[in-house]
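Next come two complexes, and both contain subunit A; in the first it sits with subunit B, in the second with subunit C.
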Partner chain A sequence: MTTDRKKFIVSHAPYWHNGSSISERSYNIMFAAIPAILMGLIQYGGPAMSVLSLSISTAMLWELLMNKIMKHPFSIGDGNSAVIGLLFGMMVPASLPWWVVITGTFVAVVIGKVIFGGIGANAFHPVLVSISVLTISWGNHFDFDSALVHYNFDFVTIYPLVALKYFGVSAISDYSVADLLMGKQIGGIGSTFGIGLIIGGIYLIIRRIIRWEISVSFLAGIILTAAIFNISNPEQYANPIFHLLTGYTLIGAFFLATEDSSSPVNTVAMIIYGLGGGILTVVIRNIGTYVDGVVFAILLMNLINPLLDKIRPKAIGKVA
Partner chain B sequence: MTPKKELQVAFRLALVLFVVGVLSYAAFPVQQPEEPVRIMFHNPGGKVLFDHNMHTDASGYGISCMDCHHHPEDDESALRACGDCHSPTDDITVTSQTCLECHDEDEVDGSDAPKRANVFHNKCRTCHDDYGKGPSSSDDACKQCHIM
Partner chain C sequence: MIKRLKIGLKTPVIEYARFGVTPGEAKKIATPEQVTLYCKRPYDYKNLPSLKAGDSVKTGQKVALFDNNNDDVIVASATGTVASVEPFVSDFGKSYIAVKIDTADSDDIENLFEIEDQVEETDPVEEGETEKEQDEEIQEEKAQPPALGDVLSILKYVPGALECDTLSNPGKPIKTIVVSGADTDLIVKSQKFAVQSQGNNLKKGLRILKDISGAEKVILALPNDLVQGFGSVGVEVKGINNQFPSALPALIMKDILDTPLPEEKSCEDMGITFLNAEAVAALGSAYNTNIMPVEKTVTVIMKDGRDVLVSARIGTPVKEIFRELDITLNDGDRIIFGGPMMGTAFYSVEQPIQQNTDAIMVQDNENVQLVSDTPCINCGECIGVCPAKIPVNMLVRFLEAGQYQDAADLYDLYSCVECGLCSFVCVSRIPIFQYIKLAKYELARINEAEATNDD
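The block that comes next holds the complex of A and B.
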């Protein structure tokens, strides 16, 4: 008891601010996303720039508009809405029409964040709320095979997870690990370049912007579950490496599951959260209806996040 | 950076990116190439992704245009897309309108252009069986092309 008390002894003022701020975190996340985005811009050209520019700017403008309507101080200076717009742009195909981008950032910022009470109060990752709502509403625009039919590449031009789900494990032999790592697969503008996303993720972990426990346990959950499926029936289920390098896995592990407000704060809870996300991702991919499971897996883990935060020691400052 | 400065940076970023986004959408629409690369056929049986490039390119199947596009017979540069004549439904009204671009009304008969699904099934199956490549007419033939 005495030892516990000592932990909470706070010294007198004046205090020295350590210099960290929300904006610093936001701009670091944006910086970490640059390699993956550059690959998207190289592959898809002008249309990718259109989507990214419009999604970042409209996400910020939606927040600005809501600040104005709600008579709150302008909050776009913290860069959080810019990050939301950026991640949305990274997850969608380059051919996404402008009105879907604007609707998407509206759902993310207004419904996914502002309605919940703004930054720090959102129960779900705003971008995942938006992607899930839009995928259900306008599936064709989020079907990468349909959306990218006009692009001619020198690699296999069928979404890897579609090939796996509908044409079986034999079809995935066309994808090499090197190709998948180098972004030679179709998908979202900034979610296919494996090496870029890993570098960005490591940068964020080193700068302590994200917690490694979540990313590592998420990836471990995917590897373990995919390995169990694969060992039980290698003719029906793909190997763990394929699951690791396709779909939204890497962007999910480093940029989505790690969002501050919708993820737990203590080590044990973070590991359960990450593992659960990874396990659900592969379960949805292997025996579910959807080709990718990352979006719904993380949303489901966001849902039980308040429960995980109750695991002792209870998270300080969280009201759930 | 002070909060005021951060806000100024954010205002500028939002404004610049919005202008860039609007201009980019106007300047860089997704270009539809003259000859299709891939075509997604949406249909009740499950969508089919047809790789047009793979069928025509020498590194793929390398088949001739005239193997599929048979109209007009004498001019390869003026070949029509399948959907111009073969209607997705039994209703041939659309077909007739397309035909009338070149033909007089008394020249055409809707029955000349059968329903799209029938011609595709016939053409795809026959050709793949003949060449012994790609999807084959086996028990699970549907699933080799159609995905839900």
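The block that comes next holds the complex of A and C.
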């Protein structure tokens, strides 16, 4: 019989796969970020382009270099470090010097991800680790007002959260909701265009790339806490909508808090995680020293993620 | 291999094949030149089988492999002479005795209940007391309800019989018998086909079960689209929804019987046993015709995804089926016994159809999806899809590290119903299902070794 000597592949069930892959997820995240980035490029022009290009390419190069040094198979094909570079670029001002960008992607990829054990093993969002390290080290480069001082815009060129913190609630009446949604505020390259971020987030949610429970509860946490502050003292604390549309809130809700390995996967845990992040954000903004609280709030929630994920449904047949 | 755009908030649902209203006849595969039958007992060189090459057998004949032992038998699925009796090792190191029979041109069928034959074959020394009584009963009144021992011994060897011997375990009395007419795996239609094409035999089989088994309850669990028409049998009829994997015994227990299976317990420990509709229909047919059924319905899933029902004698090598259906195989293809989610891949086209082979799937090497060694990225897809609510993301970390006992103690290893969905959706393409089976296998080995040490 002719078929007798054929060598067949023997492997374990299942023999089908739904076709998903890590690179597919990464490309989808990058795709979802395009609207927000386009607005940043329109507003800040060439410098924004160079910061983004440099951050994406160096993030990938750092990973490649670490693969080489550690003699691991090359893993940049999964797109994860490209996403890290992209998100880093979206969060920084367009005027960031090249060496800060390279340092930033080094911290994100090498310290934030590779030394924890690579993809899936990072306890914190690599980009947030990097941004917080840089903010503390070279705060002047992350002060959007001084960083973007050479730009002329037809809208208020004071970082909204700075205006709120130092000039009080009266100062924020200059910002209209429509302007904030349309990206008419200064800030990171890809973190100011509210509508773009929301569209990207909804895209990621319906493609099941991110877990909607986290995004929704994060935003709910911000709205609830800001509302409580606002009701208790409208003179001192801004309204929830302002908190929702300024700073890193939207990029945080859809792109940062939802990072796979640093966020929980069980429903109740996800809701606590998101709510906690939202609450901490507003608390830091309203009564902390920093103007924006998203970075530290999410990092703190990343920290308790392993504990949160112990809140899980009982498996079937589990007696105890 | 299924490429489906994932859209929506809810975890996508995978559905079982719906069966058409008029099931076509199953294509009949001619009797092959040689059939291979397995006796589920390890080959022991110190205790060689007394069945020898050259012995002749008749279709439907119960052939004992050893003298003075009626437990280790095969039911010859064709007439002919024994070609060889040899050891065979299956997956997970299961060891069987393989009996090869060269088939003769004519089919000489042995009737099931010729009283003289029964007495001849039954060795009174080895039989249990009750069975002896029942044998006598048959001799006296043949028209009386069938005997428990006969029913059990038929059910053990009919097409559709499950791998384990579920009914005749004296330590664990059976309170409920669930006859399932739903195929557990995707695309497979063999059980549904038995329900639709052998309705009368199935009813007869159900009545026999109800009469003799002593079970308090006999439940017929059918796919929702097939529940009509079985009201008259007098057994409880329940519908199984069409969402994979609701036809698995553990999920039938949870959803239909409302008694979730406690971990590390088997259905039999709970007094519940599962039978396939095909086996029960074959039981009915055995009593209707007085001939032991030897033909198994197999769903053949071709390379292009089409499926064909064939009917082949138990023991037919799959190459015969491939030849009949014009399926050509190349290097790197995959032959799977069972369906796409839970089947077992085999390395040879000589592998025979067995009682529980509901499907044969052939996969072209282009469609063979390989697993990867990428670590878990914690995306949560498996958590959403797991029917047993196992924290798969944590479990797989322990399994990858070989910490099987911790996996069982902390992360619900034994709750797994083995549906394969976690591997199906895994973004990192981790062979999670394989890890789980390996862990269970290793733990069983350790426990066994510890038990022997204690003795």
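Everything below uses one rule, namely that the second predicted complex is superposed on the first by the 300 of 320 C-alpha atoms of A that agree within 3 Å, B and C clash if a C-alpha of one lies under 4 Å from a C-alpha of the other, contacts with A are read in each partner's own complex, and residues count from 1 in each chain.
Keep this in mind: contacts are C-beta pairs under 8 Å (C-beta built on N, C-alpha and C of every residue); 3 or more make two chains touch, one makes a residue touch a chain.
Remember, predicted model here, so these are calculated numbers, not experimental data.
Chemist: Could you tell me if A:D78 is touching subunit B, subunit C, both of them or neither one (first, second, both, neither)?
Modeler: In the superposed model, A:D78 contacts both subunit B and subunit C.
Chemist: Should A:R211 be classified as contacting the first partner (subunit B), the second (subunit C), both, or neither?
Modeler: A:R211 sits against subunit C, while subunit B stays out of touch.
Chemist: Once chain A of both complexes is superposed, is A:Y15 in touch with subunit B (first), subunit C (second), both, or neither?
Modeler: A:Y15 contacts subunit C only, not subunit B.
Chemist: So, does A:G120 touch the first partner subunit B, the second partner subunit C, both, or neither?
Modeler: second
Chemist: Using the superposition on chain A as set up above, list the residues of subunit A that contact both subunit B and subunit C.
Modeler: Looking at subunit A, the two contact sets intersect at 78.
Chemist: Subunit A touches which residues of subunit C in the complex?
Modeler: 1-4, 6-9, 12, 186, 250, 254, 260-263, 265, 319, 322, 328-336, 338, 340-350, 361, 363, 365, 368-371, 374-381, 383, 387-391, 393-394, 412, 414-415, 417, 420-421, 423-429, 431, 433-434, 437
Chemist: So in the complex, the part of subunit A that touches subunit B is made up of which residues?
Modeler: So the residues of subunit A in touch with subunit B come to 23, 45-47, 49-58, 60-61, 64, 74, 76-79, 82, 94-95, 98, 140, 143, 145-146, 149-152, 157-158, 162, 165-167.
Chemist: What residues on subunit A touch subunit C, complex-wise?
Modeler: That would be residues 1, 3-4, 6-22, 24-25, 78, 117-121, 205-208, 211-212, 260-261, 263, 265-266, 309, 312-319 of subunit A.
Chemist: Which subunit B residues qualify as touching subunit A in the complex?
Modeler: Those in contact with subunit A are residues 1, 3, 6-7, 9-11, 13-18, 20-22, 24-25, 27-33, 36-40, 42, 47, 49, 51, 53, 143-144, 147-148.
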